Amino acid sequence: MAIKTYDEYYDRLKKMNRNLYMGGQKVDRTDERLAGQLRVIKETYDRANDPEWEDLCTATSQLTGEKINRFTNIHQNTDDLLKKQLMTRLICHRVGGCIMRCMGIDVMNALSVITYEMDQALGTDTNKNFINYLKYWHENDICANCAQTDTKGDRLKRPHQQVDPDLYVRIVESRPDGIVVRGAKIDNTTAPVSDEIIAIPTRFMTGKDNDYAVAFAVPADWEGVKMLVRPAYHHKRKYLHAPIAEIGDAESYTVFDDVFVPRERVFLDGKGDPRQTPFAGFLALLFAHYHRHSYTGCKPATSEVLASAAALVSEYNGIQKEDHVRDKLSHIIGVAELVFAAGQMSAYRAERSPSGTYIPDEILTNAGRRLAGEEIYNEYKIVADLAGGLCATLPFEEEFFSEETRELANKYLMRNPEVTAEQQHRCFRGIENLVASELAGVMQVAGLHGGGSPQMETITMMSRYDLEPLKGIARYLFGLQEKLPRYDRPTVTPRKMLERFYKI
Amino acid sequence: MAIKTYDEYYDRLKKMNRNLYMGGQKVDRTDERLAGQLRVIKETYDRANDPEWEDLCTATSQLTGEKINRFTNIHQNTDDLLKKQLMTRLICHRVGGCIMRCMGIDVMNALSVITYEMDQALGTDTNKNFINYLKYWHENDICANCAQTDTKGDRLKRPHQQVDPDLYVRIVESRPDGIVVRGAKIDNTTAPVSDEIIAIPTRFMTGKDNDYAVAFAVPADWEGVKMLVRPAYHHKRKYLHAPIAEIGDAESYTVFDDVFVPRERVFLDGKGDPRQTPFAGFLALLFAHYHRHSYTGCKPATSEVLASAAALVSEYNGIQKEDHVRDKLSHIIGVAELVFAAGQMSAYRAERSPSGTYIPDEILTNAGRRLAGEEIYNEYKIVADLAGGLCATLPFEEEFFSEETRELANKYLMRNPEVTAEQQHRCFRGIENLVASELAGVMQVAGLHGGGSPQMETITMMSRYDLEPLKGIARYLFGLQEKLPRYDRPTVTPRKMLERFYKI
Amino acid sequence: MAIKTYDEYYDRLKKMNRNLYMGGQKVDRTDERLAGQLRVIKETYDRANDPEWEDLCTATSQLTGEKINRFTNIHQNTDDLLKKQLMTRLICHRVGGCIMRCMGIDVMNALSVITYEMDQALGTDTNKNFINYLKYWHENDICANCAQTDTKGDRLKRPHQQVDPDLYVRIVESRPDGIVVRGAKIDNTTAPVSDEIIAIPTRFMTGKDNDYAVAFAVPADWEGVKMLVRPAYHHKRKYLHAPIAEIGDAESYTVFDDVFVPRERVFLDGKGDPRQTPFAGFLALLFAHYHRHSYTGCKPATSEVLASAAALVSEYNGIQKEDHVRDKLSHIIGVAELVFAAGQMSAYRAERSPSGTYIPDEILTNAGRRLAGEEIYNEYKIVADLAGGLCATLPFEEEFFSEETRELANKYLMRNPEVTAEQQHRCFRGIENLVASELAGVMQVAGLHGGGSPQMETITMMSRYDLEPLKGIARYLFGLQEKLPRYDRPTVTPRKMLERFYKI
Amino acid sequence: MAIKTYDEYYDRLKKMNRNLYMGGQKVDRTDERLAGQLRVIKETYDRANDPEWEDLCTATSQLTGEKINRFTNIHQNTDDLLKKQLMTRLICHRVGGCIMRCMGIDVMNALSVITYEMDQALGTDTNKNFINYLKYWHENDICANCAQTDTKGDRLKRPHQQVDPDLYVRIVESRPDGIVVRGAKIDNTTAPVSDEIIAIPTRFMTGKDNDYAVAFAVPADWEGVKMLVRPAYHHKRKYLHAPIAEIGDAESYTVFDDVFVPRERVFLDGKGDPRQTPFAGFLALLFAHYHRHSYTGCKPATSEVLASAAALVSEYNGIQKEDHVRDKLSHIIGVAELVFAAGQMSAYRAERSPSGTYIPDEILTNAGRRLAGEEIYNEYKIVADLAGGLCATLPFEEEFFSEETRELANKYLMRNPEVTAEQQHRCFRGIENLVASELAGVMQVAGLHGGGSPQMETITMMSRYDLEPLKGIARYLFGLQEKLPRYDRPTVTPRKMLERFYKI
């Protein structure tokens, strides 16, 4: 079957070459510090194999007609976008936040559009390679990381202006059979447990930066690929096992140490064919766009996880009926609702690109993602506010179980006689994991930066928004123009951008 | 034809009895201080008669099958809701803000549901009267005010507890042929130029408040109805005529001075039939709900009008490319997009009530309306910020035209050589009207309170939101419950509320 | 006596030449549309003559040793700054907001410093003229406007680059006996009822803009000075007279139509002596600084006026004990407290300039003024929120007094039996004036822009803040530098700026 | 000498009885998991012994006349308050945030006032005990924890209503020679390394809660005292040692397991003398007040530490000149300035209590502390925003030093050629510690809750603020009262509260 089980996936990982570096050592993908990250990814395989979730977590391959994991699906219509978003939301609830597998499918959707557009514009033959590669995905239920963020060196200089030319990933050599790449990508969530790494540009590239216009896919343990791994996970529980405590994150600082990529896995090669260079930017933006649309699914879930914890601890604290508690919960819920609605309506207003892939509305997606990013720290504040200081000062688990202290520790934890000491303990321990742990810090930063910070969304949004027709409203009202056409808020879609660029 | 022209409507007004009081005098509906309000309503007749707007501004009567003005339509499906919202948005652009005719159709939709539900629950026969009344609307393209807000006296006391029993509108007498009502309603926008006044309760009523459970419709010049009118409009322009300067508002403080209402125009009579009393609250809430959904149309338009003016004056001031200008415009635009998306998704998630009328999602509608209300003052701030102080200090129009000063006045107004002095003048005069006028003050208050303040939306939202399933997420994650069902954010819909109440 | 009465001041106005243009006509300073503005200024004369306010509203002339109106005082010590701020706050309460006379004394303080510094740096002899002029102030209790804001033309171009060279006020001719100036200044509050107009630059000037480096004082009715006046005031009350209804504003768009200024009234002349040009910027900034410090007095008062109205209407509405009301009041009060404290501490940290004049701390003053500006619209929102819609829909005064409607109008206005209908009426009428009137719009814009918008305060604040010592904290903590000196947040004071510039 | 060195203090700790429980074991105060907490406290001893800091970090004993550590000083005048606040700010810079020793001296100041007032009101003899105890402090440079927060059980019930009567600390027995107490206190920062624990009530107590009106001091290792310790610290650095990495926190969940307290260490005993019960609340509030005033010192420092890191990483990232960076830094700085100014002005407006101890202004202190609490999460957001995702994904330290990866790891870290790879590394490692670590989570919660959450400050502020005189402003302006007295914003000081309560 095209859909794989977690065990099948894990077996693949076990067989991979050792190219992970952690704490000064070379380690296998079975290293226990990766267990938390694996636990998250497991959810994506389990649910696709779960009959109760089949409607949401599976799709039909456009290539093979087979049932596939939705995390490998290219959106063929509005319904695919809606289901992707809903799946993301619901599955995130189960892991207490980010599901960490979306960037793979987000970049695949972007590649499906851009390789096609590029072929149309330049007469290249890249989409064929992409389709073959997609087939491999569909047949193997591939888990991938999208490696986009270059280390960027001096941010006021373009790639070719850097003192060290390698500070953006670049093509050292372009040959008929493939390319040799050098450089590093950072912030690569899930990369340490991915089958594949797909690297794409991080920004627009112009003439002198042809070498940096590069996109490709390699197996995660490919020769020359070296991952410096940064895991984050919770204190291991001894007594009170719980899903929240099992999840974790693994980030990679991925070095491409003169890596050869065969031609059929190259999707953009500005060095070999400088005409391709402008597509670097389109690809960068389109991946970001799909990824931001994914955030309209995961971020409402994150908000709901936080609201859920806030509501639960308010109940345990006995304050759930107070006005300020209702107001605060309502604030988080309102944000979640608005962000999710933004993503849904982006799907309803999606445009079918010439490649057949659907692209959600950009202005609305960015407006939604931005709101989510702006509010994330505030939502953590609300949970901490309603929980009280104990979520940051709770004694270690052992104190509630060791003979000498357990009775006293549990006695004084009691708040509401309907709630047992263990329930109290579980609740505060859970909130500690959620808001006052190393992983919480990582999740805050991810909630802000993932898919781009609010700053980036504002820039993208305004680059897509045409202010001239908007100004027409004031011009009409102020008597500066005679008539006011029906205002149809225009979007400068990717297609329109390409058309403007290529005059096609 | 069922759709009337503005002239036909205006002819009706001209024939009405004199029951408007303004500035110490009894005046006709042709009083020039009402011209601004009429100019706004005119738009709703003109567009319904405009072939270019026909698709949006007309609908098909469910009763007669005839083409009707959408401002008299009962929403028969999701598409009706979407079109109502979009019509509201686009038509508001043309009057620089509130279109002021929505409350009539919002209360009619609420009555269509509640009279039907009440008949089902109690075996009454009210919906038939409503249907007849609706037919009258469809045939005559009726413009109506919904008079909901009681003066309320001491707000900590229920209606029957007030020192003066008339501080909420009440039924003084209930007879077989009708009822006699006494009291006053306030904040009745458009009432001075409406054909009809539809009065409904402002809150839930309980046993002792049967007399106050009352809903009815009367012609606006009906015997005993007295309107104390408060108009708001701009300084009359002598030279630079512009749509913004022509609009205005007329509010009424409407007194029901022992008014007899014939039975066929009575939709709720708690005095005659105390079993009807609980429906007072359902009706109050459902009207508020439809009205808030209308706000998801008008409020994005108001935001866009403000953003439009802000963008235009930024262009004239030559600062349109500055980062902070982009950020501020983007903020207003983002709010408009999110609020509109909230209303659209509320329509997509609408529930068909047993009466056949569609009811948008309540949680999302409230989340959207609340964001709009929270941001309205901030949006005015942004326009004033980008315009600069001149929008509040611009000399009178005459100084730019009188012989002695016109040359100097216009010379120094120049900013950008591509923009003429008159264009500058028009722009700043328009912004003065928009943000630093009496009408601006009224519009700010309306943008905050219309349909209920953010406070009310939070309360409604949380009364519809079931926190228990939400808490399930944290319970699962923290190991307090074994399984996590797929989270389908539940709404306590009006139907469910009725079912709970009547055990039906 | 050096302190004049309002009548003495008003007599001066009556004698002035007619150079005000309003509504197409040339008018006297006794025009009734200026009555509101005069009512505000009256307060500044009355209080200085009121024994109960003498301690606060008078000072001692540094020149004559006589008792003078504090609105003509040059700050000789910290106590002067504290009293100026407190006087501003308390006197603003009495006029419901801006006292409108501070800009005159703010610019005088700035001139006292800059003329002195310039003389020191360049060997010029300007301070002597200033001192003579100040003596005239002290002897006559002068009311003045500071005309700073140029119309600015294309804001991306410097003064000399404008298509029309007159878009910033400039010196057309510099002669031994004086200068001839041409141009216009806008947003000149109080100018129509001022004795004097003091014009200063609006920005830094560089080499090619010597002609624009100009500061001078002229009587407000001086030959060639033409004021296009824009008044704002409330609907005249017929029955319920109240201070709030009597106040008003008068703005001027002041044209200098080739005005000759005698040398002894010239304080900066970059055309005659280009070495003076850099002082244009120092003067512009220092006036802004004193004016912002004044805002730390008036703005808390404005907030308190709004909070006061909000508290009163909450009492009348019977909601004063609700949590959300307390939270909202507390928010306004908190802002007022913080802004006032910022101004007070700026006084405590003031620096004595070589001229003897005290200069408050710039960073803190800007932080305080910025908070005030950021919150002003929000404060209006809170008042409107707690008042309810009636503040924007209240029928005209006459309806509450005319025979036909007064009984009904007053009956239904009742809320709380302890409050009479007239009290209710007064309260809502007052709030209408405060938040939903033309003047309210002007006050909102003034609250945002007066002294410079939040944007400007951020820029100023950061130009005074030296980030290098601040970064030292992180450098020490992160192990990037060995030692951490005691952090004394440094300010780049005006003196330091001058020293850097002149290497003095 | 009265001032002790860190070593002398540490020697005391080493001799203490084992009553700390951590991770299931009984441990000594030398446990390495407490090293971070000790490192923070060390700063308070080192600076008092440092001649460069002597002016700030030492004071003069009111009892012995000797030089003492300012962390043991009772504020005798405004200057003491100003110095305490400034010391707190400057010393916090050195430990990257909370100095963790202020609660001890804050509670001592509160006790100095309340024991005196109680003696005055009731004729008790408690202040004498306090003075003796204070002498012990002065002679030994005591480090103490204030244990205030009870676990509180069901928060809607009062202490005596709880199912388990021990959920608030209570007096089990009151005897002539002392009292026996039972219960637990939580969130006790620094307690594991303190000499003394001072327990005080957490709320107002009324008649039936006499047993809970209790305050006392015991040595931290006293019989029956058991601390369940929760430490938080950073990953131990192997290579890049830095102050930020050495700091930590240790919280205690402190159980009083039938502890006997000798009479001379009892400061409140409602069981023995029920007349003392009302003082429970006054003491609770006054400690909170002093502690909030301390926050006006530490919180600006925390903000400055965050701003410093944000400014440094912006420089390293090469974006320091961008407008949005300036705006964000300016926001943090502005908050720091305003909060510090609030604390300073609270000192200037301090009231001398009858005991001689100075009490800062409560309204302003609360306004300042609240702003700090409201903004803390936002400030973390800004640092993360400007740092970029790398602060949460940085590989472990070893990867930058191990032979196999160090070259690649450091090569790609380079941003700005003026900054070495190690400097980059140090900067991002430091920011990781600051914003994406377990300790960061604890500091966020502490920044929100320490001294009371913003909710509590609003409540306190409004309980001290008399709205009646404020309403007078609107009453005057609206014509509801004839005259407006000079508005002197009144504070209901602790003294006034006591007077009202005791009619003294």
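Lettered A, B, C and D in written order, each chain numbered from 1.
Keep in mind that, in the parts below, contacts are C-beta pairs under 8 Å (C-beta built on N, C-alpha and C of every residue); 3 or more make two chains touch, one makes a residue touch a chain.
Model, not experiment: these values are computed from the prediction.
Peer 1: Which is the least count of steps on a path of touching chains running from chain A to chain C?
Peer 2: Minimum number of steps from chain A to chain C: 1.
Peer 1: From the centre of chain C, which other chain's Cα mean sits the farthest off?
Peer 2: Most remote chain from chain C, centroid-wise, comes out as A.
Peer 1: Given a C-alpha superposition of chain B onto chain C, how large is the rotation in degrees, taken in steps of 5?
Peer 2: 180
Peer 1: Quick check: more C-beta contact pairs at B-D or at A-D?
Peer 2: Between the two chain pairs, A-D has more contacting C-beta pairs.
Peer 1: Suppose you list every residue number at the chain C-chain D interface; are over half of them used by both chains (same) or under half (different)?
Peer 2: same
Peer 1: From the C-alpha centre of chain A to that of chain D, how far is it in Å?
Peer 2: Computed value for the inter-centroid distance: 39 Å.
Peer 1: Using mean C-alpha positions as chain centres, tell me how far chain B is from chain D in Å, no decimals.
Peer 2: 51
Peer 1: Listing for chain D: what residues touch at least two other chains?
Peer 2: If we look for residues of chain D contacting two or more partner chains, we find 324, 327.
Peer 1: Connecting every touching chain pair, does the picture come out as line, ring, star, complete or other?
Peer 2: complete
Peer 1: So in the complex, the part of chain D that touches chain B is made up of which residues?
Peer 2: For this pair, the touching residues of chain D are 323-324, 327.
Peer 1: Report the residues of chain A in contact with chain B in the complex, numbered from low to high.
Peer 2: 52-53, 56, 90, 93-94, 96, 240-245, 304-305, 307-309, 311-312, 315, 320, 326-327, 329-330, 333-334, 337-338, 341-342, 344-345, 348, 363-364, 367-368, 370-371, 423, 426-427, 429-430, 458-459, 461-462, 465, 467, 470-480, 484, 486-487, 489
Peer 1: Quick check: in the complex, which residue numbers of chain D touch chain A?
Peer 2: 21-26, 149, 151-156, 163-164, 166-167, 183-184, 186-189, 226, 228-230, 232, 251-253, 255, 257, 317-319, 324, 376-378, 380-381, 384-385, 388-396, 398-399, 401-402, 404-405, 408-409, 411-417, 435-438, 440-442, 444-446, 448-450, 453-455
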